[in-house]
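The same chain A turns up in both complexes below, where it pairs with chain B and then with chain C.
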Partner chain A sequence: MTNTEKLKDLIVDVFLIDPKEFHPDLKREQIETWDSLGVVSLAVGVQETFGQHFTQDEAIGITGIRDVIGILEARGISFDE
Partner chain B sequence: MSSPQIRDLAWLKSLPKSAAVLRSSPSVRVRVSAELPFPSISSFDEIPATAAALVVAGGGSLMDEAKHFRARKRPALNLVLIPTIWGSGAESSPIAVLNREGAKQICIGGEFLPDAVIYWPELLDTISPARARRACGDVWSHALEAFLSPLACDSLRGELAALIAEVLRLPLSTDPRWFQAGTRACALQARASVGLVHGIAHVLEHPMRVRYPDQDWGHARLCSVFLLPVMNLNRAASSKWADLARQCAVDQDAVWSVLQRLFELEGFAAALPFLRENWAKILRDPCTRTNGTLVRAGRLDEIERQVAA
Partner chain C sequence: MGQTPRSARVPPDPLFVGPTTHWYDTMNLLIEHSSQESLPDLDRHWASAQTFAYAHEKSAAAVPWLRGISEQLPPPYRQHHFCLLTSGSTGAPKLVIGRKENSEELAWVLHAAQHSEPVRETIVALPLTYCYAFVNQWLWSRVMHRKLVLTSGFAKPELFRDALRSARDAMLCLVGPQAALLRNTFGGDRFPGVIRLHFAGGRFPQEQLPALHEMFPNAAIFNNYGCAEALPRLTLRRAEDGESASDIGSPLPGVQLKCGEAGELLFLSQYRCVAQIDDRGFHPLAPEEWIPNGDLVRDDGNGHWRLLGRAGEVFKRYGEKIALPQVLSSVNRQWHGQVACYREKDSAGEDGYVLVLSPQPSSENLQGLMQVFRSSHPRTHWPLRIESAATLPLHSNGKVDSLALQSMENRSLLWRQRI
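Coming up: the complex of A and B.
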């Protein structure tokens, strides 16, 4: 499974969205379940899936999927697949 | 926000008969009414305008209803709670969990704290062994879910580990020490969160009570039944439990032994169809969303497979 596929599965499970709705440009305000609990759940899921912890500032500053990808790429996880 | 005063029974008995009214759950009504001098009521609406205090002897649901009634309708009334079972922590928390039209409504605020709490150990004679064990499961689920909570900090986990070590020494049966343990577990989980066990319990309590009205499908039983399957799920999802337990010197084997003794296979099998039917709702429950590991939609299959295992 590629990292993009892993991320897609993660986002679908964390925010309970239809897999067809997923795309990398999704923004926080477009997902109803991306509330404060969603941020917690996303952090748990990223740790389990990619072995990476968000800092508090990172978690608060995420405005969409592109930000998640950016944080993970900065830690050496590639999404160029 | 100040904690309720811990008073003794002698203090309560010394109050004038006209000072209070008494509401108690059916399981203790005869005994409590025989020992306390206050007139009994069967509904909060029966409280006379002249009453200065309301004394409530019962479980978590009745105590929470009393706290809500006092806060919303009679704020000047003194509220004295006598818990008849441990686990909910309702007697000392600023939270009132209400059952409204099949859903849980959670109210939080200092106005929900009672004025006084009385522990009356002799009332524990009325509790059946099964109900006592399930109440222990309620305490255990608060402690373990808070310990794994993504919102728990290291110092809180240290306090929870100390509590876990203490409750490991308690029997899974009637023992007054469970009251204090239950109160502490509730206070500690309030500083973090609970998880999937509570998400399941909140969603399934109403439909299971409607389907099996005589089988004690309350919060404590659901917590007891699902604690082992959920902890198995957490343990399979990541090394978080093992890592934290090692860091905090929690005896993992001893904990698992307790979870196995709390588990009820027959009850689990009875609850599974409800779990399947309500899974989408459980995934959206706020408690589920702060579980220690990510609860993915496909993990229902893993829970179901545990019956066979």
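Coming up: the complex of A and C.
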């Protein structure tokens, strides 16, 4: 499973979106279930799936899927698959 | 029974073989091995002046307790009364004591309120030791001289199906969780001979009404809300007179309801138990004493009352109130199998719950269910986990055994909140 597929599964699972809705440019405001508890769930999921912790500032500052990918790429996780 | 010489009395051991009746000094004990077997004794005990207790054989663990507490029954209660063994969600045994005359009066009230003159027979699918089945099925039939058709319910589905197929102007009483079992076991069958279908004991299966009307095309369907302490009925609602499973309808004649300060249901009833015995001893109830039954309710102001859940089913999670019956109502819009839940805290120590489905849902079913949560409930209302099991553990009365549910093996994890 590629990292993009792992991230897709995680986003679908955490925010209960339809898999068909997923795309990397999805913004936080486009997902009504991306609330404050959702941020916590996403952070826990990223730790479980990719072994990476978000800092509090990173978690709060995420505005969409691209930001999640950007943080993980900065830590050496590739999404060029 | 009161004149039985001591020398003729049957010793109480062994309790679960041989005769179904055991004599104690203060009352008789009748054990229900099967409804068929205990029925003649039950008739005899009801006709007798002496008080009797009636317990299911699955209550074996409580029988020594019964023997111990029987001495606590004061002399005025040793005649003209009956005792049913019940237990709450804690599993602690409790004996509810009713007056025979009052319960017979309730049967007449129910008969009139539910327009049951056309009913000719009662199909029994619940153990008669269960308060609801005892009064709403056995006693009501006895008072009206109806034919009683005994079955073992879903324990022997073929015999149950035969009874339903052979029904002639019949009444059937079930508990809410059995609606899904009906569909899963007899789906596609039609039983036109059943003309009254009653539900009590747990959530009313409002979402299953279209399917139930297909199976029972001639049946009037009723919500028979009540509790063991009420022996057993408090309210009545014809299914079509409300749109929500939580609508329990209006109080029966002779019953008054009120809402306590914490939203708890309190009731006065001419037919309720007159005393209880539990681990703390004998508790007589004064005629004017309002009794709490552990449910939270709201007066809708239109004569109907609304059930918000058991006290333990309404709680706050991250400051937001959750009423599990409302969540289950959403689940049942999408999922037509059995569903149950149990309480659990999350890793942050916040209250939550786990949803258990049976049988295993398809991935499409699960996806549909998740979309219901997404569209109808905030994240705080979502379960901590969704699990599935081949079957749910049930009490002998058909209700889900919540304690066994939490500890049962072979549950599959379908989804979990990452928190």
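Methods note: the second predicted complex is superposed on the first by the 81 of 81 C-alpha atoms of A that agree within 3 Å, B and C clash if a C-alpha of one lies under 4 Å from a C-alpha of the other, contacts with A are read in each partner's own complex, and residues count from 1 in each chain.
The working rule: a contact is a pair of C-beta atoms (placed from the backbone, for glycine too) under 8 Å apart; a residue touches a chain by one contact, two chains touch by 3 or more.
All figures in this text were calculated on a predicted structure; none of them were measured in a lab.
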item	value
First, second, both or neither for A:D18, with chain B first and chain C second	second
Chain B versus chain C as contact partner of A:E5, first or second or both or neither	neither
Which of chain B and chain C A:E48 touches, first, second, both or neither	both
Which superposed partner A:T33 touches (first chain B, second chain C, both, neither)	both
Chain B and chain C contact sites that coincide on chain A, given as residue numbers	13-14, 16, 33, 37-38, 40-41, 44-45, 48
For the chain B and chain A complex, residues of the former touching the latter	150-151, 237-238, 280, 283-284, 286, 289-294, 296-298
Touch list for chain A against partner chain B, complex	9-10, 13-14, 16, 33, 37-38, 40-41, 43-45, 47-48
Touch list for chain A against partner chain C, complex	13-18, 32-33, 35, 37-38, 40-42, 44-45, 48
Contact footprint of chain A on chain C as seen in their complex	318, 367, 370-371, 373-374, 378-380, 382, 415, 417-419
